[in-house]
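Single-structure report; data block below.
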Amino acid sequence: MTLFDALDLLGVTACAISGALSAMNRKFDLFGIFIIAFVTAIGGGTVRDVLIGQTPVSWMQSTLTIYLIGCVTTLSIIFRNKLYYLKKSLFLFDSIGLGVFTIIGVEAGIRTGLDPIFCISLGAITGCFGGVIRDILCNEIPVIFRKEIYAMVSILGGICFLVLNAFHVKANIIYIATVLLIISIRLLVVTYKVSLPLFTVKNNKES
Amino acid sequence: MTLFDALDLLGVTACAISGALSAMNRKFDLFGIFIIAFVTAIGGGTVRDVLIGQTPVSWMQSTLTIYLIGCVTTLSIIFRNKLYYLKKSLFLFDSIGLGVFTIIGVEAGIRTGLDPIFCISLGAITGCFGGVIRDILCNEIPVIFRKEIYAMVSILGGICFLVLNAFHVKANIIYIATVLLIISIRLLVVTYKVSLPLFTVKNNKES
Amino acid sequence: MTLFDALDLLGVTACAISGALSAMNRKFDLFGIFIIAFVTAIGGGTVRDVLIGQTPVSWMQSTLTIYLIGCVTTLSIIFRNKLYYLKKSLFLFDSIGLGVFTIIGVEAGIRTGLDPIFCISLGAITGCFGGVIRDILCNEIPVIFRKEIYAMVSILGGICFLVLNAFHVKANIIYIATVLLIISIRLLVVTYKVSLPLFTVKNNKES
């Protein structure tokens, strides 16, 4: 197993825990918890694969991911009242996940021969759409549209990846640099409570 | 037409009626009723086809399904105040539909050469996602995440299918056994009001 | 650039503005505004491409669309308090967009060799699903299910297209006729406040 695969599994783990917590907070039943954990972990990659036509989608290529999500979700349910103490580790895992998913998405775009702007888009889709689908299934406005600059961090990571790639930096170094950049920016954002500006319309009449 | 095709059409009919009823309960207009009926009947199969890359999706392969849904929905609108008396038949149709859709999904997975766990997943996706998309379009939390063990029944049916298939049982017998199993479990579940456990989190602070 | 491409860009422009306005009305942050504008403009085409398996989806084939949406959205944010005065132009743009998207969808169906009823469906999906996805992301019941006969107009346009096409009318004339028909019907609908009938159920007990 390469460094990259290990990071990927860490990301899947973080997303599955965050999904399971969301579902338990909304009083979903046992099956609902597993589905939301699963969708949060693989939703972004699924949307990416469907958009570029890489099917069967990637989580169907190996059983490792699905069993990992199953175990992580089971453990999350058992230790649901202790997870609060892991909050900082979870934030770290989650940032690693965002970084790794961004990289996987950008690489998929490069492999498909797409324009750089679409590679960056695919990185952000892979990184963020698991959470978007989770929020839609939970019948909420996706949180990334309202207060997180999650997606913006992923886009900056994607740009960093493409720039380093253009200079033919070695793959492993690009991976680490991108993930570190994403973790650092997220830490900065949370520490200094940075948020994107809001714009509201005065004449609030919809056409 | 084979026994299997007949069962399929019965399933589509049940889903279309259930979709039309949902839409009328939510005061959708004429077009909305048709769309929700249609999406409930073919949504699960569409998601399955898109995930495994079998496109154009299956409901575009033959016009029979779309005309059947159109007729069923028209009749549902005309007899909307009588449908209540059909409640028991509808429950039966719906269970047949769940069974048949599960079988179609599992078979699609086998044909694509996927691992058994993904075949079972595709069975459950085909059986349940029509209802999930219906609930999302109606802006509700999908009911299968909260009180129905619909999906669990579909998964048990999928396992039964794969086990019988591994013993080289004849296709028609597998179909009937799986559908009968699914109908029986659903009847048991409804009769004894079985439901999956809920797990709630004490420290209800979202990260 | 052909007349058709010019009309397409006008349609994309109208959808992006309508998406950006929706997002600003819901107090989404900067990123959310861009995403909603983008999804409204390209969502319908994306669903169509995924259903017929034409991937990578069409907005990834050329960078023109994505940059146009970026510019339009930026301008919409800057002039957000003036857009109200453009209401009539926006309605016109939006109708042109509906017409052009309908044509593109129907043509994609013909190219894929589908039955006419599916070509018409693809036209309506291309024309309407951008708005459906926008409403789902904004956590609302899609407006087309409740008070607009948007979709019905698109279906009539699709039928007009197919009839003219069957008589081997020249492509450019078909385009103009279809778009004009769609604009006229929408104007009539809005002027005379036509709406589709509602059907409600007396025994309002869900099974």
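Quick notes
Letters A, B and C mark the chains as written, and numbering starts fresh at 1 in each.
Here is the rule we go by: a residue touches a chain if its C-beta (ideal position, glycine included) is under 8 Å from a C-beta of that chain, and two chains touch if they have at least 3 such contacts.
Because the structure is predicted, anything quoted here is derived from the model rather than measured.
If you sketch which chains touch which, every chain touches every other chain without exception. Under half of the residue numbers at the interface between copies subunit B and subunit C are found on both sides, making the touching surfaces mostly different.
Subunit B and subunit C have centres, each the mean of its CA atoms, that are 29 Å apart.
For subunit C, the set of residues that touch two or more other chains comprises 50, 53, 136, 139. Contacts from subunit C toward subunit B in the complex involve residues 50-53, 112, 114-115, 117-118, 121, 132, 136, 139-142, 144-147, 149, 151-152, 195-207. Listing the residues of subunit B that touch subunit C in their complex gives 18, 21-33, 35-36, 46, 50, 53, 55-57, 60, 63, 66, 77, 80-81, 83-84, 87, 90-91, 136-139.
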